[in-house]
Amino acid sequence: MKKVQVSTADRSFAFELWFENGRYFVRGEGGEHVVDLIPLRNNRYSLIIDGRSYETGVEVASDGYVVFTGARSHRFIVEDYEIAQMKRQAGIDDWAREMLLTAPMPGLVLAVNCRPGDRVEKNQPLLVMEAMKMENDIKSPLTGIIRTVAVAPGQNVDKNQTLIEFEPWRNPEKPVPE
Amino acid sequence: MKKVQVSTADRSFAFELWFENGRYFVRGEGGEHVVDLIPLRNNRYSLIIDGRSYETGVEVASDGYVVFTGARSHRFIVEDYEIAQMKRQAGIDDWAREMLLTAPMPGLVLAVNCRPGDRVEKNQPLLVMEAMKMENDIKSPLTGIIRTVAVAPGQNVDKNQTLIEFEPWRNPEKPVPE
Amino acid sequence: MTTTIRKILIANRGEIAVRIARACRDAGITSAAVYSDPDRMASHVRVADEAYGLGGTTSAETYLRQDKIIETAHKCGAEAIHPGYGFLAENHEFAALCRDNGLIFIGPPPEVIALLGDKIQARRMAEKAGLPVVPGSIQNVDQIDTARSEAYGIGYPVLIKAAAGGGGKGMRIVNDPEGLGAALSTAASEAGSAFGDRRVYIEKYIPRPRHIEVQILGDAHGNVIHLGERECSIQRRHQKVIEESPSVIVDDAMRAEMGEAAVALAKEAGYIGAGTVEFLVDENKKFYFLEVNTRLQVEHPVTEMVTGLDLVQEQFRIARGKKLSVRQKDIDRRGHAIECRIYAEDASAGFIPCTGHLSAYQEPSGPGVRVDSGFLDGDDVPVYYDPLIAKLIVWGSDRTQAIQRMRRALNEYVIQGIETTIPFGRLVMGSESFQSGRLSTHFIEDEFSDLAESLSQTDGDILMAAMTAALVDYRLQLRLLAVSRRARSEENPWKISGRQAGLRTRWTR
Amino acid sequence: MTTTIRKILIANRGEIAVRIARACRDAGITSAAVYSDPDRMASHVRVADEAYGLGGTTSAETYLRQDKIIETAHKCGAEAIHPGYGFLAENHEFAALCRDNGLIFIGPPPEVIALLGDKIQARRMAEKAGLPVVPGSIQNVDQIDTARSEAYGIGYPVLIKAAAGGGGKGMRIVNDPEGLGAALSTAASEAGSAFGDRRVYIEKYIPRPRHIEVQILGDAHGNVIHLGERECSIQRRHQKVIEESPSVIVDDAMRAEMGEAAVALAKEAGYIGAGTVEFLVDENKKFYFLEVNTRLQVEHPVTEMVTGLDLVQEQFRIARGKKLSVRQKDIDRRGHAIECRIYAEDASAGFIPCTGHLSAYQEPSGPGVRVDSGFLDGDDVPVYYDPLIAKLIVWGSDRTQAIQRMRRALNEYVIQGIETTIPFGRLVMGSESFQSGRLSTHFIEDEFSDLAESLSQTDGDILMAAMTAALVDYRLQLRLLAVSRRARSEENPWKISGRQAGLRTRWTR
């Protein structure tokens, strides 16, 4: 039996897991589930959860897991529950530390529409990049405050290059301070 | 530059190969060819041979290569040409040594229709096996003489288990002795 | 009075289970798969909404276990069971068991299955409905005297067939009176051991028949329609391997005639569900009733491609007690469809089954191409069940375009790791006899006296394959060389390779 | 007088190059692909019979290089060039260059491309052919006085459009006279920099139009037919993303009227080849000529699925100087087809392109499903070109069945490694507004005020995804534990894992 915390930037789930007679058991949101988990090719898994059949892709990233469901991809950090709680009490937040906006593709920065110290809303356009012969608005992934803008108009950037760093802030109960 | 001999049980090809400016060159039957060879996923390769585009699968077996073209699979031994010639002069024949008939699938041997010493024709039915709910005639892969029959009716066999060994014999110029 | 079906248990595996799960999804019905232990990773388990293990390995332990299947249906709350084809599809006891357990069996009523599943009874009913039948007895002829007088009346050559038969078992061709006695007793004994039923009967032997069948649909309101024919003459081991619709020899008049005959029989039998009336057609285009398959056929997609109807969805409608979605006059046939069954079989070795691992698998697509598959990249083809990997179906505006598209699709289809019937399909599509439509159930023997030889002749690419092996080996050597140079090793990689070659062990065919 | 074409050079890449190579194969014509350096492993190179590198990376260095393409065609002995769509497809200079070099350009004559490519000239010709056009000027209105009087005559709101326009560039909505001057100069300057042509004109602005287009075919013998309409209202960035045929608002009378209008224009222009006449349709079902696309459209498969015709093969016929294979009265439309374009774009981030590696890729299949794809499992989606991965096209006997099958196919489609428009397609197919056919070119903004939010709402499976991450992590831990036990290591794998978590670096969105 092991208890873990699985978290995205704005949600977290706690699960208790154990393995018995070739089946996994999970207790968490939505009750207790019996899971038959079988690895397939290309990091894909077949899961039968209480008789329902699912197929997902799970890629291990350096910093967690990327889960591809049919609909979307989700990035998760999986931690030992106790450690996660200790971290929380100590004010350490992996997600807050990691609040970066990175380039989704290589391209040319055409315009930067924000400055350090700006308070920005989720989905607010922060930069304009040209890539694949189109101009693309790069939007804020969160509501927060900009700490640094790492690029300037006219600059070529690589995929995953940091564009913007946000001030560490995360507390689902409290809004971002005005 | 390297010269190799590529052989199946009943044919062999000689090729000279070299690599220059990112392209492979092959000289052999049908003249000289320029080849662009690119590995894909799952042991597949994209080849552009003198402008013609091919795709094949090439799996490395313990004892050679299995090439999957669109139409068929072929098993080859690839050897240094000089070594192959020396072997030939010394009377060593990898193919002849390896003349086995193995079970194409797990199943039950229903009948054996040949005995050691029999001279058999290619495609002559040698055994009957039951597998996948069908009776299957297992035919001789070559014209030759049977050395041993390794199974008996009623016996369960695994996939690739040896069923029959043939007398070593291989000389394309001469028929099997009567 | 119609019923709602919210969940269907699919009592099958492989491509047909996937096909039914897709139809469920299209109809907004939840699908529940069942699976044996070796099938845990199979496609039908992954594509269905729900999946329940039956525990066990062989068909007898799993897909044929009526008790386990009924129990699973109850457990998961399914209102209906779709049996697919094979396994329990034509088992009237199972159909009755479903009914007794309050479950809808998606197929005809048990009595109809029982009636039409008996070849002698079916033949009697066909005669009653006015269908032409192959001249012969419709009675059990296990007495040699009866048989002799029957055969004399029919005229030699005659065919002895098992009443409960199928797949060529219990079947014997008899050319003259001398051979009759021996043939009769071996056929009866073969029928006895294969079907637990020794009854046999005698028919006129038709030398080079075509196998042409008519798809029918009947609802619970007494409506029966036909959807035209499929020609399924290309067979190996008395089992179909390539099918098409329309048949090159069937014109509108003949289609109407055969269709009406099929409908008449279905009405006589009180048929409800999707079914197929099979005919033999002789060289003068005269057709004779052969048998009725009281289920969905493997080759149903060719009819779907030509008519635009979804036969599995029609089965759902019928099972719900609704009327058919179309009337006979609405049937609008368009173009030409061909199906090649892709079996894990080596055609060059007498269509021997080949199991193994699909180390690469890539389906064709594009205009006019449909693949009904039971496997995915990286799957294993298990030894325990039918070796059908997939069905490749193409549609073209005419037969020529359909053949061209089939050739293209067979060419694009990548199955690496095991032998399949793809090269056989290519050979047939490329043959003048197929292209000109000269077909009979003896097509394979007649056209390819040495099939292995014919297959290897089409195989002009052995030189290219050899060259590829040489190149891949050379590339490996160059890479080893580069690595060893980087490692500043003293060892010469050519030598390493030579040594590896020396360690070569056994070569399996 | 007809020509034989033995080999066609395909001057394109991606799904359309694959589509054309498949048509070549169906027609018994050798296909020759061309490729840029990053495309060496691309699907179109692998599926074509021949392939020739153009050397270079960007479109400008490769697929737009007229000289290299002509040279390659000569070198490989192709008699014809198929330009696909995009790149050189509507470049009249390239069409002329082909002709001058003795090569057949598979498309209309250069003069027709040039004429219809100019929006002002095309509009004039449409008026001449009696087509309804959006009220407005057909002249260049770069003078503010002319513009003012034009706009006054039309009535506000008006739309300023670039004569050489496309993709929304050089386009401005003007609601009142005050805004006209500024809009005029920015539109002209945008048009100048985008197309090298500052000419703009003014039209009545139609608030919530549908985009409905008519497929036409014309041969060199003066025959012109139409194949009915496609509705392409669902657009992002003024570019189509979901298309269907028929349109829910087009009945037989309207289809005939629009079709005849399209044919009249094509005849007026001396059109030869496959083409599309685009219309805007207002809320009263009144249609207005928009423009002509002198090439195969991305969305041509929906017409193929409904009519059974192969448009690329018709192009081949036309290019050979043959008559069309069908007459207007032969066109037999059946059922309903829908296409979802699968782009490497993140719809929840404003349809931003996402390049990367397809770590798993599995296309749907089964009844009614066609995939025209330019990618295979393990491919990379390069940054240099259009982010279209594939087109998923379904057919159903009616619109409801087509929608159900599209939902099923989108559900089966596995693309792992990058974001795609699959979730967007699901959202649209599941929406009441799409299902009831309430469409306009403003569909996305109107229906999904916060698209990211709508997408995440459909995403009820985050709990399941989180559970999967927990399970996969737990499974990994158990395996590490088993390994460490086997190795009799003193180290506790939970600790190892904890340390790994501590080493976590940056998290990218």
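Order as written gives the chain letters A, B, C and D; numbering starts at 1 within each chain.
We take it that a residue touches a chain if its C-beta (ideal position, glycine included) is under 8 Å from a C-beta of that chain, and two chains touch if they have at least 3 such contacts.
Please read these numbers as outputs of a predicted model, since none were measured by experiment.
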A-C compared against A-D, more contacting pairs: A-D
Euclidean distance of C-alpha centroids - chain A vs chain C, Å: 48
Distance from the mean Cα position of chain C to that of chain B, given in whole angstrom: 32
Centroid distance [mean C-alpha coordinates] between chain D and chain C, Å: 39
Contacts with 2+ other chains: residues of chain D: 47, 377, 411
Overlap residues in chain B, where contacts from two or more other chains coincide: 41-42, 55
Overall pattern in which the protein chains touch one another (line/ring/star/complete/other): other
Touch relationships between chains, expressed as pairs: A-C, A-D, B-C, B-D, C-D
Chain A residues within the chain C interface of the complex: 36, 38, 40-42, 46, 48, 51-53, 55
Complex contacts: residues of chain A adjacent to chain D: 2, 4, 6, 8, 11, 13, 15, 17, 19, 24, 26, 28-30, 33, 35, 37, 41-45, 47, 49, 54-60, 62-65, 67-80, 83, 94-95, 98, 100-102, 104-107, 123, 131-134, 136-139, 141, 159-160, 162
Complex interface listing, chain C residues touching chain B: 59, 237, 346, 349-350, 352-356, 359-360, 377, 383-387, 411, 413-414, 416-417, 419, 422-423, 426, 450, 452, 455-456, 458-459, 461-478, 494, 497-498, 501, 504-509
Contact footprint of chain C on chain D as seen in their complex: 18-19, 22-23, 25-28, 47, 301, 304, 308-310, 332, 334-335, 362-363, 365-373, 376-377, 395, 397, 401, 404-405, 407-408, 411-412
Contact set on chain D toward chain B in their complex: 32-33, 40-41, 45-53, 76, 377-378
